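By letter and in written order, the chains are A, B, C, D, E, F and G; residue numbering begins at 1 in each of them.
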């Protein structure tokens, strides 16, 4: 169970960091952002893929930290990036799992 | 009727005992159609009614055999291994009870229920914990009732007539005190006057 | 020999009659009458206990019936005296 | 791994996961109502934040209970974690834990002396009715599986398939309980906004922190028990998906339904419980359930 | 079913003649919680209850005499001990007696208050508690007649007959009434609208725990 | 002999019971209650429990006393109420 | 040992009678609106309980009835007292609406000259108390308590004797302790069973009798002459 606790802690820490960071960046009142932020999307994809598919506690923990960082941004930011990251991670997970099952 | 109105009726405390009584009555009536029969394999079995009286035994309906203080009587508890001196009380009779049993054969109940005897065995020994609870129930409800009556329902300090009487007495008292004070005043003044002169 | 079952069934009869009288008898809107009618049922129960040879229970029932009646009458009197409508 | 470490880890997991799920719940409700809503991590930050706030004690409180009850609340759900995820012991003990939780809800309302807390306390008594569907659900689980031990229920399910297929109405009853315990639920009469925050109104500072802490654990444990006894042996991902789905569903229901008046809420739960009870009993005795 | 499937391993027994108290993890948990609460009740002071005044903005304090609070504390502590006992008892009739004791104490705790709505509810609850003697004792007696025993350890090994089911249903109704859950909730809820929260909590605590324990007992009897 | 006494006892109890139910005046009811009690004592004697009969015989007057006291008091309260004009019946 | 045939054949009529009496009582409660009447009718429900319990027809059944009776008595006392309190509180909070001219919150004295009140009670009370002491236990307590009630009723003194009540409460508390000690002694040291038997029996007698006697003191306020 220890690994799950580590994942949860890193994810929460990442979210908090992301929140702090995005408040520092954007001080204005709520706006629904339509722009797609590419660097954050890359971070998100990297995070979710690492988190789901690495199979290593430390790598997964880092992955969840990154994923949490994007997902935890203040409302209106980081939604699309998270969605893209999550979808790609699931696809990668399924692709990786299939051969494993066959073996 | 709309179900909401029905639910609102259930929220009034006054209707609850009646609702409870109604549902209890329904279950009791359902009980009439359930096949009921006494299981003959019971604990603490007693002989058929009037059998012992007709035999003319001195301690009529409660004779379960056994010699006082020597041989345990014939009773049948759930866990005999938990009761070491089982049946000894069944055979025991206090001196007073011995005396009564020697003068008349018709006082079996009283003889047997004076300390010792079958029912005492059950009440104090094999099922003693029940009796603790029952006497506590009695004690608690008497505590409640007597507390209420001493402090409220019988408390004459709240009674109007009594208060009126008290007020009257208090007025009288204060009048008397006032007159005393006045008299003392007059006396003191007289003394003062005398000294001045 | 006396017939135990005669008194047994009579006791049951008396208990049922007494309870019906308590519930719907004539003049039961007066609490005093209602309390009186419970006595009939309790005599019926006494007979049944006698037939079962529960003699000590019978003694206790006799004593408690008197005391319960006393308590109920006390409540009735106090409430009437107060003029409370319950 | 030794037992103490296991308990500690499970409690931390329960707290973090519960907080995040509650945050998700809040977010879902906000999105349904076309609001942006706070970030998901907000619930967790809140609970942590309260531990560092200044604590004030109202003048009217009954000191021992006012403070003690909060610790009892936290303790009782830690026991819940121990009995549930850690030891997989008897379901009846979890039932007892839930009963104590109701008591705590009641007493933290009344021990503050505030009129709002008092009202919440009275409503907590009313809502003791939610115990009954829970009891019925547990009894049906017992009737089908023949055991009260959570571990044995899991093994039963791994052989016979998840219980949700055989006694769906019992699962519905249990789900009602979860719905009742979720924030802003139509049945959450103790936390009606008429009563400010219900029984928590007068609890400030670290006391409120403990309350939020145990609420998160409670949410986690309830979801865990529901998933475990009705959905059979699951792995971590299964639990994760299940919990997120249930949080979504309850959030959606809560966002779209109004709060019921206290006695209607109680009677609705009882009525649904009774219908489910009768239905499941019928299913069992007519042999639909093997 | 026996104790082990329901409450966990049997940790020990206390033998008092025919009445044997059983300790399982389940009953011990309930017992310990009740005793803990009882200790807290004995130690704690009551809160000052504040009530909002109708039509005005100020609050009024509900005053309760010191003597009355002492009485309440006494009854509450006894109630805690009684319900703790009900958690570990292993005898059907003994359990019903514990319930009767808890019922009368619940009424007693609120009997001296001034609010008439509270007294009204206490009286109505008292009526139910009195009627409960029929389903509780009667149900136990019917089970006794059908099986010939009152000990839960023996009862749990016996198959259920329709008569036992009738007795169990009667007992269930008695338990529902005595502990005031729905649909009989209204009789008890109003009783909590008074000051003295430490003493009042035991009313709720005892009734909830008795339900929890009753579930176990009914399962033992029926299966 | 025993059969005869049984019949007498039952007759007394029946008369007493229906008397208590159907008599109008409270004092008549008390008398009828005593008749019923007498029948009951007879049954107890028939069952040969003399000590119980002794107690039943003592409890009879006791309850009669309670009845009389309360009925007199209630009557007084009711007449008072009618005299002061607040009760119409 | 098995239950005799007589009891087995008596079981069905007895339990049916119990169910019917209970049904009548509960239905009467269900259709009645006035609370005092419901209180009186619960007595009938209690009688039904005695039927059902006694139908088992063993010594155990009798041992279960005995305390059940006392419990009924106790609950009736407490609940009637609460009813009176409630009505008094109602009047107290709104005197104009409820209290009419000829009514009074507190019991008033009334004049009644009964020969029997001066002569009979002392004798009957003496016999009852003596017999109760001989019986001991629950039954003895109830019997002796009846005697004390009668004695207290016949005394001509008004005003609640709080000191005496306190004394009685103290006596019954001590008696309860005696009973507990006796009970524990039975299990801890069975060789002293005679001592513990007497402790238990006499403790219970004192307890029940003193508590029941208290009713007499309360009653004296209500139905007694000046």
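Note that in this section a contact is a pair of C-beta atoms (placed from the backbone, for glycine too) under 8 Å apart; a residue touches a chain by one contact, two chains touch by 3 or more.
Please read these numbers as outputs of a predicted model, since none were measured by experiment.
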{"item": "Smallest number of contact steps required from chain B to reach chain G", "value": "1"}
{"item": "Centrality ranking, top chain (CA atoms only)", "value": "E"}
{"item": "Label of the chain whose CA centroid is most distant from the centroid of chain B", "value": "A"}
{"item": "Taking each chain's C-alpha mean as its centre, the one farthest from chain D", "value": "F"}
{"item": "Higher-contact pair (C-beta pairs counted), E-G versus B-E", "value": "B-E"}
{"item": "Geometric centre distance via CA averages, chain F-chain D, whole Å", "value": "61"}
{"item": "Distance from chain G to chain C - Cα centre to Cα centre, in angstrom", "value": "14"}
{"item": "Inter-centroid spacing, chain E versus chain A (mean Cα positions, whole Å)", "value": "52"}
{"item": "Rounded Å distance, chain E centre to chain F centre (Cα mean)", "value": "40"}
{"item": "Residues within chain A bordering two or more other chains", "value": "none"}
{"item": "Of all residues in chain G, the ones touching two or more other chains", "value": "6-7, 11, 15, 20, 22, 25-27, 29, 35, 38-39, 45, 48, 55-57, 60-62, 64, 66-68, 70-78, 81-85, 88, 90, 100, 102-103, 105, 131, 135, 138-139, 143, 146, 218, 222-223"}
{"item": "Shared interface positions of chain F, touching two or more other chains", "value": "47, 49, 52, 55, 59, 62, 66, 70, 73, 81, 86"}
{"item": "Chain pairs that touch, as defined at the top of this document", "value": "A-D, B-C, B-D, B-E, B-F, B-G, C-F, C-G, D-E, E-G, F-G"}
{"item": "Contacting residues of chain D [partner chain E, same complex]", "value": "59-66, 68, 72, 79, 89-90, 92-93, 95-96, 99-100, 102-103, 106-107, 110-115, 118, 121-126, 128-129, 131-132, 135, 138-139, 142-143, 146-149, 263, 266-267, 269-270"}
{"item": "Of all residues in chain C, those that touch chain F in their complex", "value": "1-3, 6-7, 10, 14, 17-18, 21, 25-27, 32-33, 36-37, 39-40, 43, 46-47, 50, 55, 58-59, 62-63, 65-66, 69-70, 73-74, 76-77, 80-81, 83"}
{"item": "Interface residues, chain A side, partner chain D - complex", "value": "1-2, 4-5, 8-9, 11-12, 15-16, 19, 30, 32, 68, 71-76"}
{"item": "Touch list for chain E against partner chain B, complex", "value": "15-20, 67-68, 71, 75, 78, 82, 89, 91, 93-94, 97-98, 100-101, 104-105, 107-108, 111-112, 120-121, 124-125, 127-128, 131, 134-135, 142, 144-151, 154, 162-163, 165-166, 169-170, 173, 177, 183-184, 186-187, 190"}
{"item": "Chain G partner contacts - residues on chain F that touch it in the complex", "value": "54-55, 58-59, 61-62, 65-66, 68-70, 72-73, 76, 80-81, 83-84, 86"}
